[in-house]
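Each of the next two complexes has chain A plus one other chain: chain B in the first, chain C in the second.
Let's look at the complex of A and B:
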C-alpha cells in the first residue's frame, strides 16, 4: 500500500516535471518582459522629469536662447560641417603615423641586446616626456617654435607641425599600450621560438607581435577615439577646424549654440567608434572564453 | 561792492551746486539698478592690454578704457572710490544668467547679432582697422592696396570681428588662419606662418612699435569707410535698466568733448598711416 503510494507520487512528480520546464521558460520570459518594462518606465520617467523640470528653472529661456538656439544652429551648422573636414583630414594622416611610430617606440623599449641599451633609454625618456607634457604645450612649442627658426613658408605650415606634435604625443601613449601587449605574451613563447632557431627579430615578427597587436586593438581604439577629439587642439596654432569655427561663430553671434553643434558632430563620430571598440572587446572576451 | 560780492558768491554757489545736482540726478538714475547699491561694478579683461588699460591695473585709471570707465562713472554720479573692478573673459560676458558686472568694456564691437544676446551702450570709440605686416613682406613689394593684400596669407584673432572683415573686405586667395589672441597672431607672424593681420589701429601701432622687431603698419581702413566699422560699446546684461543711465552719461561726455580729450590723451594719433584703396 505504502509502496503503491510512493509509485503514484513518483509518477505525479514525473508528470509535473514536463509542464514545470515549460513554465520555467515562460516564467523567464515573463521576468525578462517585466524588467524590460521597468527599465523603460524608469528611463521614460527620468527623461520626462528632465523635460518637465528643467524648463521650469527661471533661467531656462536664457539658457535655451544661448545654447540651444535652433536658428543659430541652422545658420552655423553647414560651416561647422565644412570645418570638420579639416579634423578628418588631420586625423587621417596622423592615425597611421601614430600606429607605426608608436610601434617603433615600443620595440625600442623591448630591445634586449646590451648593445641596444641606448635605444631603451631613448624610448623610456621619450615616453616619460611626451606622456608627461600636455598635448597643447607640445603643439605650441613645435608649432610656433620650429617654424620660428626661419623656415620657408611651405615648411612653416602649421598643419605639418601641428600634426607632428600630435604624432609625437600620441605615439607615447600608443607605445605603452603596445608594450603592455608585448609583455602579456608569455615568456615561454620566446623560449619556444628560440629553441626553434628563430632570431629575436623573427620571434617578434612572427610570434609575439601578431598576438600582441591583436590583443591590444580595443585599448588602442580608445587612444584613437581620444585622438579624434584632440585633433581640435591643432586649431591653437592656426588651422580653422571644427572647434575654431565654432569659436568664431560663438564670438560673432555672442551665442554658445555653435559649440553644441560642434559637440553633436564630434559625438556622431565618437559614439559609433566607442560602440565598435566595445564590440571588439566583447568578441575578444568570448574568444578567450 | 557788496553787490559784486553777492554776485561772486552767487556764481560760486551755483558753480558748486550745479555739478553736485547734475551728479546727484545722474546718481539717482542708477539708484537700485547697480549690482551693489551705491557702487558701480565695471569689468574688463584680465589681462587687459595697452593702450586700453596700462599695466593691467584698471583701478589706476590709466589707459583709454580705464579712463573712459571712470569718466562714465563720474558722469553717473559715482566717485572714483565707489567704482569696483572685476575681470571677465569674452565668454563670461555673453554667458546667460546673472552677470558679475554693471557694465563691461574690453573693445567689444557692437554687432546686430550680439545685440540679440546682450545690450550695448552707444559707441564710445570707433576704431579704424589697420593692416600689420613684417619688414620682409614690405621688401617683397606689398602695397597698401586691396589688390596687393589679396595675395597675402592672413591671420587673425578668432574672437574678434576682424575675421569677417578679412573675408568680406579683402577676400584673400587663401583662407585666413585663426588664433586665440593677438599674442598668438603676432607669434605666428614671427614664425613666418602668416604675412599679415588686421588689428584696431591703436593696437597695431603699439604692436608694430613696441612689441615686434620688424613690424610695420602697412595701411588702414578708415573707420567710416570700412564696410563694418568697429564701434566699441559698453556691454551690459540684456535688458539691464542701467543702460539708459550709461547712454546718458556717454552722450554728455561726447557733447562736452571730454571723450575726445580722453581719446587724444591715451590713443596715439596715426597721421602717417596710409589709407588702403
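Let's look at the complex of A and C:
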C-alpha cells in the first residue's frame, strides 16, 4: 500500500517489468535498424501504390504517350541541351550584375548621413517596386517598352532588356538579404572600428561587409537558384532558350514530352545547387552553434 | 602649480532618454598616470569611457585633451578617436582577419601608410607584447587572454596618447586575467596615460596612481589607492568595498 502511494508516476512498476541488463549500444543499434526498416517499407508502399494506381486512371495511356514518350525525348533532348546554353549564358552575366547592384541598393538603404537621404528613399522605393511586381511583368514592360523608344538595331536586342529586367528584379531580393546580413553584425564590431578612428565607409567596407556577405552566402544561393530557372522567362520577349525551344518542339511533334525534358534539365542544375546551399547553411549553423 | 592635465572632464553629463547615467563628473588625468574607476555595474564607468572616446556624445560639460575641448559637437570625432585607444570587455576583434590584419587595419586606412612600411612596425609591436607567435592566428584560434592582448596591440598600433580599458578582464577565465593585467603594467612602465574601469580591486590597489569610486553616475570619492582602500571617508565607498573585498 505504501509502495503504491510513493510510486505516483509508475516508474517503480515500469522498471520492475524491464529485462535485467541490456547493452546500450546493442539496443541503440537495434532501434536504428528498426527505424530504417520502417522508413524503407513505408516508402516502398507509397511508390508501389503510385505505380499501381496511376495507370488505372482512365486517361493514363494518353498522358503517358504525350508526356513521357521516350522516342520524342531522345529525339529532342540534344536540341534542348543546346538551347539550355542560352539560359546558362544569360545567367552567367546576370548573376554577377545582380550581386553587385544588389549590394549597391543595400548600401543605399543603409546610408545614414542626411545628405544621402535621397539615396535611401530611392533604394526603399526601388525595393518596394521590384519586389512587388512579378518578374514576368518587369520583363514585358522593359523588354517591349524600351525598344519601343526607337533605338538602333543593336540596342533593340531582347537579350539586353530581358537581362536588365532580371537584374533589376532580382537585385531587390538580393539587396534585402545583404541588408539582413549587415544588420546581423553585432554593434560591438562597429564600436571597435569607430574607436580605432575608422570612417563610416571604412568600417562598412573592411569590417561589416566582409562578415555580412559571408554570413548570407547560403541565403543568397537560394536567390540565385531561383534566378537560374527564372531566366526562362526571358523567352517571353524573344530569345529561343530552353523553355521556348521545348515549346517549338512540342508544336512540331504535337507532343508535350519536350517540356518534361526541359524540366529534367532545369532540375539537374537546381537540385545539386539546392543541396549545396543546404550544406552551406548546415555548416554555418554548426559553426555558430 | 601642477602641469596641465592630459585629459580633464568638467561637469560631464550624459543621458540615455530619461535616464541620466553620468551626472556631472569632474576628473583630471595627468600624463603617465594610471587612473582606476571602480564601482558596481551600472555606476556609469563604461559610459564614461565611451564618452571619453567620443563613441557617445555627451549632453553637457566638456572634455579637454591637452586643454582643448574635444567634446565640441561641431568637431569631427574621427581624428580625435585615433589619439585615444579603447579596449573593450568583449575584445571585439574582427573575426574575419588574423591578429596581424586586425592590428594593421586602422593605421593602414587612417594614416594611409603602405603595408610594406607598416609590416616591420607592427611585427615589432607584436614582439614587444610577446605575441609574435600568434600573428597569423585568427581570433577564434586564440585564448581569451591572447585575444584581449591582441586587442590592446590593435589599439596601440594607432600610437594613441591615452588608453582606455573598459573592464578588459571581466570576460576572462580567472587564470588568464594576470597576463592581460601584466600588459597594462607594461604600458604604465612605458609611460602611457591609462584609464581603467575595473573590478580587479587588487590590481587597482597595487598599480593605480589614483582611484575613483563611482556610484549612480557621480564620482563619490577619489584619491590614492591607500586613501580609498585603507581609509575611505564616504559611507557609500565603505559599503561598496565591504561588498567586494
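The rule we apply is simple: the second predicted complex is superposed on the first by the 267 of 289 C-alpha atoms of A that agree within 3 Å, B and C clash if a C-alpha of one lies under 4 Å from a C-alpha of the other, contacts with A are read in each partner's own complex, and residues count from 1 in each chain.
Operating definition for what follows: contacts are C-beta pairs under 8 Å (C-beta built on N, C-alpha and C of every residue); 3 or more make two chains touch, one makes a residue touch a chain.
Values in this document were obtained by computation on a predicted structure and should not be read as measured data.
Colleague: So, A:114: does it touch chain B (first), chain C (second), both, or neither?
Modeller: After superposition on chain A, A:114 lies in contact with neither partner.
Colleague: So which one touches more of the residues on chain A, chain B or chain C?
Modeller: Result: the larger residue contact count on chain A belongs to B.
Colleague: Pick one for A:78: touches chain B only (first), chain C only (second), both, or neither.
Modeller: neither
Colleague: Return first, second, both or neither, reflecting whether A:252 touches chain B, chain C, both chains, or no partner chain.
Modeller: The first partner, chain B, only.
Colleague: Using the touch definition from the top, say if A:132 reaches chain B (first), chain C (second), both or neither.
Modeller: After superposing on A, A:132 lies clear of both chain B and chain C.
Colleague: Please work out whether A:206 is in contact with chain B alone, chain C alone, both, or neither, and reply first, second, both or neither.
Modeller: A:206: touches chain C, not chain B.
Colleague: Both chain B and chain C contact which residues of chain A?
Modeller: none
Colleague: Under the touch definition given earlier, write down the residues of chain C that touch chain A in their complex.
Modeller: 50, 53, 55, 78-82, 85-86, 88, 90, 92-96, 105-106, 109-110, 154-155, 158
Colleague: Quick check: in the complex, which residue numbers of chain A touch chain B?
Modeller: Chain A residues touching chain B: 59, 62-63, 65-67, 144-145, 147-148, 150-153, 156-158, 235-240, 244, 247-248, 250-256.
Colleague: Report the residues of chain A in contact with chain C in the complex, numbered from low to high.
Modeller: 188-189, 191-199, 202, 206-207, 210-211, 214
Colleague: Would you tell me which residues of chain B are touching chain A in their complex?
Modeller: For chain B paired with chain A, touching residues are 90-91, 94-97, 111, 113-114, 116-118, 153, 155, 158-161, 163-164, 175-180, 184, 187-188, 190-194, 238.
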